[in-house]
Amino acid sequence: MFFRVAFLVLRKDFAIEIKSREILYTTLLFAVSCVLVFAFALVKEGEAPPDAAPAILWIAIMFAGTLALGRTFERERYGETLRALLLAPAPRPALYVGKLLGIVLLLGVAELVLVPLVAFFFLAPFFAKPLLMTLLLAAGTIGFAAVGTLFAAMLMRVRTRDVLLPILLYPITVPVIIGGVRGTAALLASPADEAMATMWLAILAAFDVVFITLSLWTFEVLMTE
Amino acid sequence: MNDDFDSVRLTDVSRHFGRRRALARLSLAIRTGDVLGLLGPNGAGKSTLLGMVATLVAPNTGEVIYGDRSAQRWGPALRRHIGLLAHELHLYAELTARQNLTFFAELYGLNPRDVVDAALERAGLADRADDEVGGFSRGMRQRLALERALLHRPRLVLLDEPFTGLDDRSVSAVADRIRRLAADGGIVLLATHDLDLADGLVTRVALIREGRLLSDEPASTGLRGRYREVVGR
Amino acid sequence: MMRKLFPVLLAINAVLFVAALIFINRVPPESSMGLVQKIFYFHVPSWIAMYLGIAICGVGSIWYLATGRPQADRAAVAGGELAVLFGLVGLVTGPLWARKAWGVWWQWDARLTTALLLWLTFVAYLTVRKYGGPGSEKLAAAVGLFGTAVAPFVYFSVNIWRTVHPLTTVMPELPNSAPEMVPPMLASIFSFLVLFVVLLMARLELGRRQADVDELYLAYEDRTA
C-alpha cells in the first residue's frame, strides 16, 4: 500500500511533466546558465581555479534543485490537490516518498546534462571513477532532496515560501555540499583519492538515512493544520 | 473493531488560528441517512469544520469520533470512507478528465476500468473525457470534482458549496444524487450559502456564526426565515 | 516557586559576574596579545550557552511535534532565541580575538565555522516563526529538530574539511598551557550559565504571559456564547 501510493504519486507527476516538460526544461536551462555564470566569474586567462569544477557542479545542482522543489509543489497548489492526496487511505508519508522520488529523478536527469557540461568547460575528469562519482552524486542528491521535499511541502501553506525555502534548506544541507564537493574533488585528484571519496560517501549516506527517517516521522504532523 | 462506522460525533470541538477563533466548543452528532446542512455567513467556520471532519485540520480541544474511535485510532483506513468536495475542487489542470479520475481511483485501490467510465457518464463529460481539465468551465470542473469525491463510494460525504457554477439541470441532478447517497446509508454534510437549494434537500440544519453553533435542528419548511431568525442579518 | 527564585538568581548572577570580572582582572595579561586575549573569557562561555540553547530548542521541538503542548513550544522558542543571542556574542568576539591573535578576522576555523552554520540554522528557526504566518510554530519545530539533528554532521564534515588543510587551531588546551587562566574561565562559564538560566526563565515567563493574553483575546471573542 505504502509504496504503491508513492509510485502512483510519482507516476502522476511524471504524466503531468511529460506533457509540457516545463519543469524539466526550465530547471535544465537554469542549471546550465548557472554554470556559465560561474565560468565567466571564475575563469581567468582561459583557466579556472583548481577545484572549481566540483564546486560549480554541486552549487548548480543545489540552486536548480531549490527552484525545482518550489515548482513541483506549486503544481499541487492549483486545485489544492495536496489536500486530496492527504485524504488518500494510505499512510501520509507515502506521499512524501512519492514526491522525493520525483525530485531525485528530476535532478538526476539534470545531472546527466550538468556533469558532462562542467567536465567539458572545466576540463575536469569526472568520468575517471564513474562508479564512485555516480554514488556520490546519488547520495548527495538524495540528501538534499530529502530535506528539501519535507521543507517545500510544509511551507506550502506559507505566503513567503519562495524565499523561506532556501533560508531553511541551505544551512541544514551544508554537510551535503561539503561532502559532495570534497568527495568529488578527491576523485578528480591525480591519483584519485578513493579512500577519501568513500569516506565522504559514507557520511552522505548516513545523512540520507537520518534525514529521510526524520522526514517520514514528521511529515504527517507537519501537513495537518 | 469493525471496518466501518454509522455515525460521526463532534464533542466540544474548538479551533483557533493565532488569536482568531474559527470554531468554538461545537458539538454535533450525525448518522447514516442524515443530510446535514451547514449554514452560516462567510467566515462562520463551515470550511474549517469540514476540514476537521475530513481529518485535515486538527482540533485544539475536543474530539471527533467516527463510530467508536477517533481518527488517530482508525489510522489511514478511515479515509477510505471519507469523500470531500471542497471549494478548490482538487483536480489536476494538466491532466485530462479521464486521467484525473483514473489517478484517484487507483489511489483508493479501485480498478479504474470499473468506475471511471461510469463516473464520466454521470458527470456528463463522457465526450470530453480526454480533454485537459484546465480547459473546462467551472461547471464542468464542479461536476467532475463531485464524481471524483464520490468515486470510492464513501460513507461520509463532505460537500463545500457543491452547487457553484452549475446550471439548473445539473443542480437537480446533484440534489438527487445527494438524496440517494443519504438514502443508501451515507452521512452527508453539506455547507452552502444557497438557502433555497438547501430547503427541501437537507434533513437537518446546523446554523453557524463566528464559529459557534447557534442551532441544530431537524429541517422544516421556511428555511430562509429560520436562518434570518437565528443567524440574523 | 519559580517566581520567587528569579530575583534570587538575578542577584546571584550579578555577584558572579562581578566576581568573574575580578578574577579576570587579576590574571596577568597573556604575553603576546595583551588585554584583548581576555575576550576569551566571554567567547568560550558564549558558545557553551549557544549549544545549550540549541539542545533546549531541539528537545522542545521534538516534544512539540510529538504532543503539541504549548509548554514545549515555549521552551523551544526560548532555547532558539537564546541560542541566537549567545551565538551572536560568540561570532562577534571570535573574529575580534582572531584579528589580534593572527591578524586575520576569519579563517574558517572548524569550530567557528560549525558554530556559524548552526547559528544560521537557528536564525532560520526564528525567521520561520516570525514570517511563517499562523501555525508556524510547528514548521519552526521541524527546523529546530532538523537543525539539532544536523549538528553532528556539520561538526564532522567541517572538521574533516578543515583538517585536510591544517591551520593553527583556535583553542589552546588551557589546563595544560596556562593553568592560571582556569579559575577565571570557570568563573566566567559559571556566570554565563546562570545568566542563561535567568534569561531562560524570563523568556518562558514571557511566553506564558503571551499565551495568557491570547487566551483572553479568544475568551473575549467567545463572550456572547
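So that you can tell them apart, the chains are marked A, B and C in the order they are listed, and the count of residues begins at 1 in each.
Basically, a contact is a pair of C-beta atoms (placed from the backbone, for glycine too) under 8 Å apart; a residue touches a chain by one contact, two chains touch by 3 or more.
Keep in mind it's a predicted model, so treat the numbers as computed, not measured.
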item: Comparison of A-C and B-C by number of C-beta pairs in contact, larger one; value: A-C
item: Chain closest to the assembly centre - both centres taken as Cα means; value: A
item: Per Cα centroids, the chain farthest from chain C; value: B
item: Euclidean distance of C-alpha centroids - chain A vs chain B, Å; value: 38
item: Chain A and chain C, separation of their C-alpha mean positions in angstrom; value: 31
item: Separation of mean Cα positions, chain C and chain B [Å, integer]; value: 49
item: Shared interface positions of chain C, touching two or more other chains; value: 135
item: Two or more partner chains touched - positions in chain B; value: 58
item: Residue list for chain A, restricted to those that touch at least two other chains; value: 225
item: Chain C contact footprint on chain A (complex, rising order); value: 147, 150-151, 154-155, 157-160, 164, 167-168, 171-172, 174-175, 178-179, 182, 199, 203, 206-207, 210-211, 214, 218, 221-222, 225
item: List of chain B residues in touch with chain A within their complex; value: 51, 54-58, 76-80, 82, 84, 86, 88-95, 99, 103-104, 106-109, 148
item: Complex contacts: residues of chain B adjacent to chain C; value: 16-21, 24-25, 58, 210, 212
item: Of chain A, residues touching chain B in the complex; value: 1, 5, 8, 12, 15-16, 19-20, 75, 78-81, 83-92, 224-225
item: Complex interface listing, chain C residues touching chain B; value: 68, 134-135, 214, 217-218, 221-222, 225
